[in-house]
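One structure is given here, and the rest of the page talks about it.
For clarity, chains are labelled A, B and C in written order, and residue numbers in each chain start from 1.
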């Protein structure tokens, strides 16, 4: 079996890898943004919840959390499908890291501008929606891309809960052909290709929303 | 064994007995868990050290005068950063035996992690290097220092300090990621937790316990890192 | 005997010729100041002389020895030339004292005790002894420059190069540094100083070399260059500086 054929067989898992990665990224973005807004608006009574979440979910290994969700919860009578268990583990962990990225970007905003917006009489939520979030998201692009890449690189864990992605295909193929080196190198190559797609996608979005002279490179 | 009647008559007794049973198993299985924890700490600790030394070496090579050396090093770093750690471990563990190279699970984990971690650390150091003052390096050349002396006494002390947050963060990642070594049959802490769970089918409790242990260990590193940062920060050098 | 003799020195960056055959010499114990408009090549010249930049052609005789040759020990040459930068270039992770001792310990192999003693001597000479334990970020611009000079002097260099030593300083600090350089001159330190600062040129009353577009246009006493020189380029340059001062 030549390298090209191996690549082709593994590529059948690429779609699932992309699906898992995107599902976890979207979960992370939703939760991360929610946390950023709660923090920024200092919503009463949420501070402890938000701080506990970001601390705990950045301290527990992805694999441990995944096993809690997929193997642990069913023992309590809660059945969690594979994809959802990935979103509840890798996705929520990404959310905690993204919340920190957003916090850093919020801190980099210019207080003078926000003061000026207040002086204009804009309501608080309006300042958030039309000034803080648009600027913050642009400043957070490098950190976001970093975190998205991390999600992609942890996505192989999906094989442990039976999702037929690249690594799953690779282990199956390796057990029947004993050509582990080529197979896992091919898998690495596919991940690299998906990483490039991700990078190009993020850059395209960044370019689309680019503001001349504002914080980006 | 719990009588069936008790089980159904008092709903609140059930979780208590569950917990009690889990506690009993935990005590019985304690020595294996402790041994697993030891292996986790050995792996995370040794790759933190080797990854730092490797990172310094790789970073040094990226500053080489030879364009060829720089390019090869850059490609090397990109490869190991781009490769998911799990796939790298599988490559070494399941792939190399086809060429007659059989390594122990620990050896595979150690080398796989070291390659991965040193690539990341080299990146952090390179990022810090870019924030250094070019005039300072010119001054060192003007004083007559050689390239290796400048690296050792001017560049390294500064980039290491600037990178402390990133480097300690990497130590935390090492500890957390060490849990994937059980997938290549290294019997570290999480592998022992699996064993415990498989024996009594109390999966939820066992995995939550594992999560709490990692949480505690990470907290220790976070506290230690804060003290380290406060101690070695230089006036005007913080970012 | 000339400490430094430069003969026909040239340097090109791509298709731009920055130095078009520079000739001058510097005697032991002398001080010369190089002036000229931005981009005239004066900083490049200074960096060619200790080979931080490689010259393309010509000769540099350092105590009669041609140091442009390929087999020259460049690092040894640099150790004999103290270099003081515009932006001070202190090592930010080292205290004032450590900035001075680093080269003594690592390049001259002195023991920590001897290096400390020597460094304290130089810091005292620059009135910086009381600040020895401070880091660069805790010093004012003038103080940083004085540490940088102490760092250069500690190696007992044959000559001290200054590249715009006062440009990054406010007028008061700049006067302090000028006074220090003047004191060094009376102590017999050989110096070569690139500057924009007319007061520096005038106060250390050395020989001024005027450079323009990669060439030396004139070499004379400062007063003769500063007012009513026959070369219109030179008149224009100092006339503009006069306006800038006012």
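We adopt the following convention: contacts are C-beta pairs under 8 Å (C-beta built on N, C-alpha and C of every residue); 3 or more make two chains touch, one makes a residue touch a chain.
A quick note: this is a predicted structure, and the numbers were derived from the prediction, not measured.
Student: Return the chains shared as contacts by chain B and chain C, ordered by label.
Tutor: none
Student: From the Cα centroids, identify the chain that ends up most central relative to all protein Cα atoms.
Tutor: Given all protein C-alpha atoms shown, the central chain works out to be B.
Student: Please name the chain that ends up farthest from chain A once chain centres are defined by their CA atoms averaged.
Tutor: C
Student: CA centre of chain B versus CA centre of chain C: separation in Å?
Tutor: Those two chain centres are 49 Å apart.
Student: Suppose each chain is reduced to the average of its Cα coordinates; what separation in Å results between chain A and chain C?
Tutor: 54
Student: Just the number, please: Cα centre separation of chain A and chain B in whole Å.
Tutor: Taking the mean C-alpha position of each chain, the two centres sit 20 Å apart.
Student: Could you tell me which residues belong to chain A and also touch two or more other chains?
Tutor: Residues: none.
Student: Counting only residues that touch at least 2 other chains, which ones in chain B make the list?
Tutor: Counting only residues that touch two or more other chains, chain B contributes none.
Student: Could you pull out which chain B residues touch chain C in their complex?
Tutor: 133, 135-136, 138-146, 149, 153-154, 157-158, 161, 234-237
Student: Please give the residue numbers of chain B that touch chain A in the complex, ascending.
Tutor: Result: residues 79, 82-88, 90-91, 94-99, 172, 176-177, 179-180, 183, 190, 197, 201-204, 206-208, 210-211, 214-215, 218-219 of chain B touch chain A.
Student: Mind pulling up the chain C residues that touch chain B in the complex?
Tutor: 50, 52, 75-79, 81, 83, 85-93, 102-103, 106-107, 134-138, 148, 151, 155
Student: In their shared complex, at which residues does chain A touch chain B?
Tutor: Listed in rising order, the residues of chain A that touch chain B are 56, 59-65, 67-68, 71-76, 152-157, 160, 167, 170-171, 174, 178-185, 187-188, 191-192, 195.
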